[in-house]
Structure formats: C-alpha cells, structure tokens
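Each of the next two complexes has chain A plus one more chain, namely chain B in the first and chain C in the second.
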Partner chain A sequence: MKITVDEDKCCGAGSCVLIAPEVFDQREDDGIVILLDAEPGAGQHAAVREAAAVCPGAAIEVSE
Partner chain B sequence: MSVNEQVLSYPIPAEAPLEPPAEWAELRGGCPVAHVKLPSGDAARLITRYEDVKQVLADPRFTRQLTAPDAARLSADGGGVFNSDVAQIIPDSGDGHLHWRRLVGKWFTAKRMAAMRPRMAEIADSLIDDLVERGAPGDLRAGLGFPLPVYVICDMLGVPAEDRERFSYWSDTLLNLTRYGKEEIEAAQAEFFQYMSDLIAAKRAEPGDDLLSELLAAGGPDEGGLEDLQIIVTGMALLVAGHETTANMIGKMVSMLLADRARWEALLADPSLVRTAVEETLRLDANSGFGLPRYLPVEAEIGGETLPKGTTVICSMAAANRDESAFEDAASMDLTRSPNPHLAFGAGAHSCLGQSLARTELQVVLEVLLRRLPTLELAVPVAELERVEGLAVGGLRTVPVRW
Partner chain C sequence: MTPPRSVLIVGASAAGLSTAEALRRQGHQGRLTLLDAEPHLPYDRPPLSKQVLAGDWEPGRAQLRSQAQLDALDAEFVRGEAAVAFDAGAREVRTATGRVLRADAVVIATGLTPHRLPGQQGQAGMREPAGMQGPAGMREPAGMQGPAGMRGPGQQGLAGVHELRGLDDALTLRAHLTAARRLVVVGEGVLGGELAATARKLGLDVTLVGLGQAILADQLGGRVSGLLTRAHAERGVELRLGVAVEELTSAGGRVTGVRLATGEVLPADAVVVAIGSRPATGWLAGSGLSLGDGVECDARCRAAEGVYAVGDVASWQHEGLGRRLRLENRTNATEQAQVVAANILGADRPYTPIPYFWTDQYDIKIQAHGLPSATAEVSIVEGDPEQGRFAAVYREDGRVTGVLGWNMPKQARVLRQQHLATQPVATA
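Moving on, here comes the complex of A and B:
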C-alpha cells in the first residue's frame, strides 16, 4: 500500500487522525494533514482505507 | 399529485421523532432537484441524492452568500444565522476563508481533542452523578446532553460556563427559523454581540490560556491574525456551533441506540463498537435540522438539471445519508458500518471545523454512559419523544430515561 495526501484539498477536519493515528497527524500551526507513514504495514490497511473513504476533502489517495 | 409536480413546504414534517419523512425516498428516486417553499415563502431547490449533495457542498460555485439580494430568505424574520450580515464577516471563500479556517482549525485538531478526553469524561461522570442523585426517571437532554458540550466549548474559548443559559437563548434566536420574531432576534443578537465584545476587551487586557486570547495574541490582519470584529464573530459562531449541534446529537444518539435495546446490548458486550456506532447514528439522524443552504451567483448544473443564476439550493445531508446508491441497506442501523462516508458534517472546504470535537464528545459520552448506566432505557415509548420545532438544528425536546 502506498499513500499520498494533497495538502491543498485537506480541510483539517482530522477524521483521518481519529481513525488511523499511527499513519496520519495534523500540523500544529494550521491543522493540515501530515503523512507519518506513506507505506504502512498490513495491520493499518483497513484503517487507512476507511480514513481515505471518509476524508471530507477527498485529500487521501491510496494505491495498492 | 406526486412529489414531482408539487411544490413541497420545507422543512418537510416527519411523523415519527426518529424516522425520516417518506418524501425523502420519493425525492431521491424521482425528483432529485425538487421545488420547495421555505418558511419565508421564498422558493428554493432541494437536493436529496448523496452524489448531488456531496458535489454541491464541495463546489465553490454554490456559495454561502445568502445575503445576496435575490437569495431566498429562509424565514420571514430575516433568516437567522444563514442570512445574517454577521455571517459575512468571516470570509466565506478563497484565501481569506483558508486563512481563517487554518488559524482557527488548529485548535480543533484530532490530537487536541484526544487530549481533552479525560476532562470530557470527568464532566460526563459528574453530570451523571447529579442525574443519578436526582433519581429516575431523568431527562438526559437537560442533565447531560446539553451541559456537556457547553462546558467543553466554554473551557476552550475561555468563556464562563455560568452564563450558559444566556448562550442557549442567544443561540436559539440565531438558529431561528420560525420560533422567534424579528425584534426578539435582533435584541438577542445585539446582546450576544455586546457580551462577546466585552469579553474580547477583557481578554485583551488580561489574556488567558484559551482560544480567544490566542487569536488576539496572533495580532491584526497585518501580522497574520484577524480583525477584532472577526474575532468577536468567530467567538459567537464557535459558541453557537459548539453547543447546540452536539448537545442535541447526544440526546438523539442515545434515543436511537435505546429505541432498539439490542443495540445497547451490543455496545455493552463490545464497547469497541462505540466509534462506528457514533458514525452510524450521525448518518441516520433523521432530525438533523434544516440542512445547508447555498446560493448560485452563476448558472450551474446539478443532478441533470441546469439551475439558473440566482437559485438558492438546500442540501439535505440527512436525506443523502439514506441514499441506497451510496450505502448498502441504507435504512438499517449497522453499528459496525465501515467505511461510513456520511455527510452529517458536510463535505469539502467548508465541512464542519469542529467535527473532531463533536466525534470525541459523542464517543466519550457514550463510553461513560455504557460504563455508568448499563441498564439505561427510555422511560417513554419512542413515539412519544417530541421534536424541537422551528430551529435550524434539530433535536428532541426531552429524552426521558431510567436505569
């Protein structure tokens, strides 16, 4: 699995961090997404797919 | 006459407190861009399909400029929060909006909200202590649902929670559709504005450890901060948004989960379902309120129809959230549903800034209730729950429970 995030589309809602805190974080100064792990292990895949599916800005892209 | 031919009055009344009006499914099926008449008498178009609502909310051509001269007024008495000039003080699009959003949004990150969990649980515990002490049956709305989010947002903003009765009234008038008259609304808004202005002045003189003090500390627009007027309006907006919506949702969430006690039992057996259960109640909330209005300053196409410039569009996220083309078995509650890309918080650049706060509050309240009151049940039949009418945010008047 390979993840990319689009900072311009990110609206800082934080839903990805609530679902997969080991993969996503938010910048302290504006709440925009930080990708902690672009190629997470299998244990995170379900959470990452869920985070991508519910992102309100459609800012998370997952390729498998 | 079918829904295709008539002009529906909007909001569409529902017969049962937790169930949607039958018209939603008909509209999604045959009339996805319906003609509706608002409480003001003005005309608008109602969007009910998932893909259409999602597209409108994320499309910058559908603006929030509900003060445009040819925009529909939501209510006869000025339209409350959406039509208010005050709403235009916070930039609604472009770089200005992005700047505001990021400046304020950093206070609502998931990590900050997670750090507030112990404090939220403490507040919930103490409110439940009081509820238990007063004895069953009790009103979960007045005893827990309403005060908890108010305490939390007051903490964050640095606003005294003792004034919550006043906030509650000011917020109701701002969210008014049909409940209050023009004079009453104007007087309440003026009082609220004065209250927040005084508070900002006091914080400038003596800063605290809170969001409003930090916004002031960021300096004026030249230094990357906001104008004082924008800070005042931001404070008002966060106070209203931060308490009315989640406060009502707590009562609705618990009612939906107790309406079929097998749901409550499932959560007791496996509390790890709390997160997905909260999302599912957000998705199925049939009483979420007015929806989100948008104004079209240009012609645009939606749902196969071309809407002329000047059209006001109402997005029903609650109807969209029950769209079979987006959710399998959309009408049934599945506490394990995942992913659950519901639109309860909107979508796109304007999606709810406080959604991590709301989600965290709802999760914490549910966790604490399951732990403290495992025998919780509704003290009246579901059909006797009563909706709050006339406000932009939907809720239940009371949520009588016993344990």
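Moving on, here comes the complex of A and C:
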C-alpha cells in the first residue's frame, strides 16, 4: 500500500488522525495533515482505507 | 437478510459516491448504479465558495475522484438525468426521461435545494447576458463535462442574482464577480460569510445582510460569532445585521439593488442569496416515505425496507443524543456513507457521529466539533482571540457539548478527543 496526501486539499479536520493515528498526524500551526508512514504495514490497511474514505477534503489517496 | 444483488444510489455527490465506494470496499459484488441530475463528474462543494470562486483552483481540481478511480468502482453512472418519482414499496425510481430503475436497495442522497427570495425567480429561462460570462474557458471545466443540456436552477431568474450550490452556480458567479463592483450577500450563515470573504479577496465592495445579529450566531454563539463579525468589518465588509430583506429591486430584468425592511436600498450589480436550504425531497412526494425535515430514517439510516438516506437530505435518530438529527456538512456525508453501506450489506449499526464542520473565511480557519450552540457557555482554553488563534470549549449544564478551533485545527481535534469521546466516531 502506498499513500499520498494533497496538503492543498486538506482542511485540517483531523478525521484521519482519529482513525489511523499511527499513520497520520497534523501540523501544530495550521492543522494540515502530516503523513507519518507512506507505506504502512498490513495491520494498518483497513484503518487507512477508512481514513481515505471519510476524509472531508478528499485529500488522501491510496494505491495498492 | 441476504445482501442485495443490486443497489441504486440517487445523487452521486459526496454522500452518494462515498456510499458506492464503501459498498465495494465492504464486499458488494452486485450491480451498482448511480443516478445524478447534474451532467458533471462528481465534484466537491466546499471548494466552490472558497478556492474555485476565488480562482485559486481550476474547477477540475474540485473533482472528487479521477476517471480511473471511478472506473475502478465498476458502477454504472447515469448523469444529467433527474429522478422525478419514487415508489418505496417497489424500490422503483422514475427519471425525467421516463426511464424506470429498480434495485434491491435504494439509497437517497439528493442533498439540498437552496431557499430563494421572493422575486428571485424572475422570468423563467432568463440567462446572464453574453458579456457577463467571462473567458470561454471558464464555462466548462476540463475533465468535468458530461452530457450537455442540464442547467441548474441557479441559472434561471432575475439577471445578476445568484445562488451557490453547484459547480455551474460557482462558475457563473465567478464570471459575474470578475466584472461586477458592488455585491450584496444575503444571509449571515456559513455560506454568506464565506462568500463575503471571497468577494472581498476579489476586490469587490461587499455588503452582507442578515436576519441574525452576527455572522454564524446560531451555530457558534455570541462570543465567537461576534469575533467573526468584527473580522468581516475590519476587512471592509459593510454589515446590515438584524434586518430583513424587503425585496430585490431591478430594471430591465436585471437586479439593481436590495431593499431592506428599514427602507434602505443597497445598490448592487450582483446579489448572492445564501439564506439556507431545504432537503431535496420534491421527487419523493407520494413515494410512501415519511418526509419531515428531510427523509426520516431510523437509527440505522433506513427509511423503509431496503431504502436508506445519507448526507444532507437524511434525518435520522441519533441514539447517542436521543433525538432526531439532520446535518448539512461534508464530514457527515462520508461518515454516514460508511454506516449506510454496512447496513445495506447486513450490519446492524446505529449512526452516532460527533458532528463536525469547518469554514474558511479570509485567513481564519474555524473547526467546530460536537454541537456548539448559541445557548452554551463558552470558555477559551488555549490561545488568545486578540492574537487570532484560540480554542474554545462549549458547555451546557456543565457538560461539554462542543469544541471550537479558531486557527487551531489540531488543538480542536485534541480537545474533541478529550471532551467529546463518549460518542464513538463511525468506523467500518
């Protein structure tokens, strides 16, 4: 699995951090997403797909 | 319950498309059909009043998914065709062209229809004069064309008067704003505030009129809405708050201004009406479904056997709050979609989200989690309003009901986890 994030589309909701805190974080100053792990292990895949699905900015893209 | 062999989703925007994706992800292998009245490929609405209207984004950037991602869904998209009737018992949708679509499960995701001012309608079929349309390239964003012909209702009516719900509305408005000088925004809600901010950025003279005493007063309460209203005033927006619009004034079929109940006439060459919306349920009349403030669903987002509703149009019983709720925000569309998809496939999951919305106005980014209300007691827990960054906690009867970040998105999310974690977020 490979994850990319589009900072420009991120609205700082933090939904991704709530769902997959080991993969996503937010910047302190403006809340924009930080990708902690662009190629997470299998244990994270379901949570990452969930985060990409609910992200209100459509900012997270997942490719296999 | 056996999983449905076919699913039909009416409304292929944030909520409808997310439901389709979640169905596939959760294992639905049967037929999947998405019907939408608009000709465009699914696009996102929040950027319309922000990046798209400001001209910072090419319209195509608001597209929700790439063509390749849509293809991978293995779904049939029927675009530019409105549903006009529904029979809930037979799960049968009739479209404007007379086509009948039937499925084992039907999902209603038709969103909202903006309210209008009396007189806004004008002469049906009226269009912006050619000179107002801006560069040709603005009209049809690359990569978003569908079958031509379908125009949103926003394009009809008194010339120079706009509403903003869809992409076509945004492009028409943008073209007009690049030529206009004086804009009146009617409505002091989220959309009105964002429109005023974007129009100031474009250099227009902006007056904002609203019935409330402050911008977003109902949603954020006196303290924060007072700060937001001050921010607009400081950036040059003329405010007429706590006052009703009497009528739109016009000459030769084109708007010339807005007359207020006080008698004052605000001259304008462009007017945007952002006075709220109602659930788009007109096509469901006589369907057998219960329609109140939206499609009335149970706690599982089910409106009838095999019929579900999701997104702005759906009213459901929130078990955590013990009351009916309907939310008009972007996160709800995708979160509710996960639960609806699971329930269609046989799960029995109540939908109990912590509501969340954000709004961007000028350099101010507001994040609101939970249900901050006008009656709550507000305490600033981090930062300082005078420094332009703070986080606040809303309490009612001593219980935290909402948290808010003002240029503090991360801190707001952390506060949410500390104070609002009692209701689980919807996860698949």
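Operating definition for what follows: the second predicted complex is superposed on the first by the 64 of 64 C-alpha atoms of A that agree within 3 Å, B and C clash if a C-alpha of one lies under 4 Å from a C-alpha of the other, contacts with A are read in each partner's own complex, and residues count from 1 in each chain.
One rule holds in what follows: contacts are C-beta pairs under 8 Å (C-beta built on N, C-alpha and C of every residue); 3 or more make two chains touch, one makes a residue touch a chain.
These numbers come from a predicted model, not from an experiment.
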| item | value |
| --- | --- |
| First (chain B), second (chain C), both or neither touched by A:49 | both |
| Partner chain(s) touched by A:39 [first = chain B, second = chain C, both, neither] | neither |
| Touching partner for A:12 - first (chain B), second (chain C), both, neither | both |
| Contacts of A:64 with chain B and chain C, given as first, second, both or neither | neither |
| Touching both chain C and chain B, counted on chain A across the two superposed complexes | 11-15, 17-18, 26-28, 30-32, 46, 49-50, 53-54, 56-58 |
| List of chain A residues in touch with chain B within their complex | 11-18, 21, 25-32, 46, 49-50, 53-54, 56-58 |
| Chain A to chain C touching residues, read off their complex | 11-15, 17-19, 26-28, 30-32, 46, 49-50, 53-58 |
| Touching residues (chain side chain C, partner chain A) in the complex | 18, 21-22, 25, 44, 46, 64-65, 329-331, 333-335, 337-338, 356, 358, 360, 365, 367, 405, 407-410, 412-413, 416-417, 425-428 |
| Residue numbers on chain B that touch chain A, as the complex places them | 58, 101-103, 105-106, 108-111, 113-114, 275, 338-341, 345-353, 355-356, 359-360 |
